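These notes open a run of structures that come right after.
There are two complexes below, and they share chain A, which is joined by chain B in the first and by chain C in the second.
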Partner chain A sequence: MMEKEFAPAGLSKQKPITASKPFALYRHLNKLRWLSLAVVFLMLILIPLLSIYQHYVAAQGYNHLSPSQTLLYDTMEFISAPFVDAPEHDLDAIKGTTWSGQLFGVKLSDPLAIVGQSAASLKLYWPLILTAVIPLLATLIFGRFFCGWICPATFIYELNSNLSVYLSRFGIKNNRRFHKNIKYLVLALGIGISAYTGTLAFASIYPPAVLGRELYFSIALSGFGGGTLFFILTLGFDTFVSRRGICRYFCPGGALYSLLGRYRVVRVKRLVEPCNDCNKCNAVCEFDLDPMRDNFGAECNNCTACISVCPKSAMSLTLSISDQPNQGPGHQSRQYRQQNSDHNETIQVKNIS
Partner chain B sequence: MNKMTITTPILSALLLCTVTLFSSLTYAHHVLGRPSYSLNEDSNTPPSMAIETQIGEYFVTYMVFPAFPKPNEPGRVNIYATRIDNGAMLDQAITFTVRDDTFWGESIGGATEPEVIGQQHIDDGVYRQGFLFKSRGSYIIRAYFEKNGEPYELDFPLQVGAASPVGPIGAAVGFIFFLLLMINIVQRKRIARTKIQQGHTA
Partner chain C sequence: MNRRHFIKQLSVVTAVGLTLKTSLANAAFKVKQFTQRYVRPPGSLTEDDFISQCIRCNQCAEICPNNCIKFFGTENGIASHGTPYISPREKACILCMKCGDVCPSGAIQPIKRELTPIIEQVNMGIARVDKQLCLSWQGKSCGVCYRACPLQDKAIIVGFMEQPEILDACVGCGLCESSCIQIPQAVKIIPSHTIDQLRNS
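So, the complex of A and B:
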């Protein structure tokens, strides 16, 4: 704890900064997010392995398996035995990918899958639509949280984004910017192509769908499809052309979630009083937003990286359906203090660590 | 902020379209779906694997005996084909061919020509084709017939011996993932510093 003195200009003596400090655990949400991304990714690897194990059980083929298959059988049996009695049937409780799947009997689908399927069939199939209700509600509340917290492609893209930053040290210009509205065009085109051709066009270019499918294909069926090539090319695009460019500018799912999450209830906000305009929040924002000027918009996926990096605890979560207007420079910034240097009055500000 | 030219997004869009188009040209040839196994646990017969699918006007069941064939051990493929509309059995010669389905054979083009393993006629409602593979590997069995002027090509996967746990692409993908993970862990402080430096100059 320390004490500082500076010109007031807007600070209230009756309202110390300690009152607007964010909840301490918010700083650790980013770690929780990485854990969530890792768990989802591992699930996508585990599900096909469990599926193979189901086949072996169903075939009663233990005595016919090779040593590596026996090892797989034993490992999956060890993992699943506490939860299931008859693996051949009970393991069906968890299957699918983030595109569409089943989690302990609850069927879930990506809203983009519903939009694409409805466009392709030109009709609404309510049993399918109902599977998107939970993701839809979560998006209305948390915005584009799927992109930041669940998407298996994000797990890879974000690791790759750090590689891009590392490579930029060697002179590689990989931070080109495009128009953010391109992804809405991709979404509209995808709907149009689906409706015209009767096929689910999004499934070919939507990174989490491609990745989930290819992981299953490679593990359960020992092969790779064209989707693997597509995904590696997107990684190349992110690495050498535009960091997180696929998510920012081209992902149709990101476009849909941005639209649905425009009036999200839970959003990040800047606390202007402790903010010192250090710009770290902007620097770590994967989506190139401008948290330091209160500009989050529909794109923010509540990844909370800005909260965890802020040295002044000036980022917090709030319940509101809109961003607050630009509050100006942070009250601890040099710019703010110069603007208000004509004030002679000084006040005590506590708990700024 | 980098200055954006009009050509950059156009070229990128073109690249994306090309990639998308290229992806759509890569079609799957496997019959997907979960195989089923139908022996009870008291049977002495090795388990078989069955795959059911519909193609054109026919409902087709493909069975492999044994379910886990090994090199130098004889095996058999059974095919049952009935019309979807009236259940009438297909009565037409079926030609069975086999080809290599490994990455080097299939994708790179290093495969030998598909080999005809036999032509079978219906026998008691079943088309039976025996096989014996000398080496382990992933193969595609193709059953081909023509009906009413329409060619029917049914491709089924057949794994002989243990599948290799990691193929060349799997190893490459695993290496890329390992590299990403290591750079993120080992260089995390340098990456964070670079991000913040670049944030200040942006």
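So, the complex of A and C:
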């Protein structure tokens, strides 16, 4: 009887849980992220098709096209006709891949391309550097958001990690872990090799660049190039050796974004009051981080999967340039309750004495 | 002791690296095979600068209305992996200058699509006529290369029986080569990087 009266008294000292609830729509950001990934990937398929359509338009030979080519021509005309007057020139506004491209006339480049080119040519080419300003600013604010929200390789890798969950039923494990700092070594080695040989080494080993190029080759040119083999090997590595291993441990672009996003402004934050230490956030985290113990680090790409999976709405976004220190066990967890009740007992003992 | 050991190792690595830089990098990474004759897109830098500046984004080929730009695998050395090229006999450049506008890396410089800038700045190569193969020089009036040339009377002139003569203003677009009706072709583009290498050696 006495204990039952003391327990609610101990909990009532804390703030009510409803006071620190995250914004309700944060929970749906993960769906928006999947939409964004899917749109980027479909654009990588659509842009080469539009490019072929432009070739046909430029050749002015509709009557000479084969039936399959006519189908492509008509489909692309149907898609693009509401937006352009003269497809041969107006469709030049969207070109390229996530590595470097034009989006409605704005040239955008991956910061890794600038790093690689500067290392290879040993000089700064300002028109290229200016194309990376917008991605660079976004990275300084949102950290590794490219990895979670845009990267076409992430789209494949993340679907593949769902497949490997299925494969783990049959005993195919991919739970090997490597050191997280290997990717910085890959970045440094890539810069070194680029400067050493005078050629851009990153374009051949950076998965989104390889994937974008291979999609273009396979659709608009003769067929898949050697990069497809590389990409399939990375997929095999992810499936059979280490879950999301390329992104976590080896991607040079991820290393660069981690460095740039070291003091990012937008961060995922754990609210300690509603948290019940269920470990779902750690299980869902693609980057092997530890959200349950407030340990995000430079690797967090704000993918918000932990926000959407949290059953207690204990994950939120915040504006801060550093992670908060470990707040201890969540206040809804058994561990915290036990500690708290011990604390009450000591107080009780003191009062008695 | 430990630091001294490290410095010793570092110096050895640097020395090995510098020797490799001269031998291995030049030999293995920049294999220039002459099995395939290719030219870089119009407005390109010289071959080594082009390889180090190009970021392999494929936009030049995407924007090319003539669909003439192709990409290297590893057949021309690892260094030029993924870089664009034009094979003039298969499909030649029409000098639309769109690739220079779209290229973000500066490997293909933007050049105005006017006669003087093109003649002055584009240097893909230069055409050479094989008079043994050329129909006009062998007495059958042809003149196809002259009609295909975008820089008529600047880069190519024809004389008696439409016998072609190439002038120095030729930029090496390759339209004459792709249109030549002789097999094998009587007019060929000598790429500018080949000319440079022959000059250096």
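In this text, the second predicted complex is superposed on the first by the 325 of 353 C-alpha atoms of A that agree within 3 Å, B and C clash if a C-alpha of one lies under 4 Å from a C-alpha of the other, contacts with A are read in each partner's own complex, and residues count from 1 in each chain.
Convention: a contact is a pair of C-beta atoms (placed from the backbone, for glycine too) under 8 Å apart; a residue touches a chain by one contact, two chains touch by 3 or more.
Remember, it's a predicted structure, so these values are computed and weren't measured experimentally.
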### Message
Let's test your reading of the overlay: on chain A, do chain B and chain C clash or fit side by side?
### Response
clash
### Query
Just chain B (first), just chain C (second), both, or neither: which does A:S204 touch?
both
### Query
Can A:A93 be said to touch chain B (first), chain C (second), both, or neither?
neither
### Message
Quick check on the superposed pair: does A:L221 touch chain B, chain C, both, or neither? Answer first, second, both or neither.
### Response
both
### Message
Once chain A of both complexes is superposed, is A:G116 in touch with chain B (first), chain C (second), both, or neither?
### Response
second
### Query
Where does A:A58 make contact in the superposed view: on chain B (first), on chain C (second), on both, or on neither?
both
### Message
Quick check for you: in the superposed arrangement, does A:L233 touch first (chain B), second (chain C), both or neither?
### Response
first
### Task
Please indicate which partner A:I47 is in contact with in the superposed arrangement: first for chain B, second for chain C, both, or neither.
second
### Query
What's your read, chain B or chain C touching more residues of chain A?
B
### Query
Counting only touches as set out at the top, which of chain B and chain C does A:N162 meet: first, second, both, neither?
first
### Message
Can you give me the overlap between the chain B contact set and the chain C contact set on chain A?
### Response
51, 54-55, 58, 204, 221, 225-226
### Summary
Contacts from chain A onto chain C in the complex sit at residues 47-48, 51, 54-55, 58, 88, 92, 95-97, 99-102, 107, 109, 113, 116-117, 120-122, 125, 127-128, 131, 196-200, 203-204, 209, 212-213, 216-217, 220-221, 225-226
### Query
In their shared complex, at which residues does chain C touch chain A?
17, 21, 25, 29-30, 48-49, 51-59, 61-63, 65-67, 70-71, 73-74, 78-82, 98, 102, 104-106
#### Entry: Complex contact set, residues of chain A against chain B
51, 54-55, 58-61, 64-69, 156, 159-160, 162-163, 165-166, 168-169, 173, 175-179, 182, 204-205, 218, 221-230, 232-233, 235, 237, 241-242, 245, 250, 279-280, 282-284
### chain B residues touching chain A - in the complex, by the definition given at the top
1-2, 4, 8-9, 12-13, 15-16, 19-20, 22-26, 28, 30, 32, 34-37, 39, 41, 46-47, 49, 66-68, 101, 103, 138, 157, 159, 161-165, 167, 169-170, 173, 176-177, 179-181, 183-184, 187-188, 190-192, 194-196, 198-200, 202
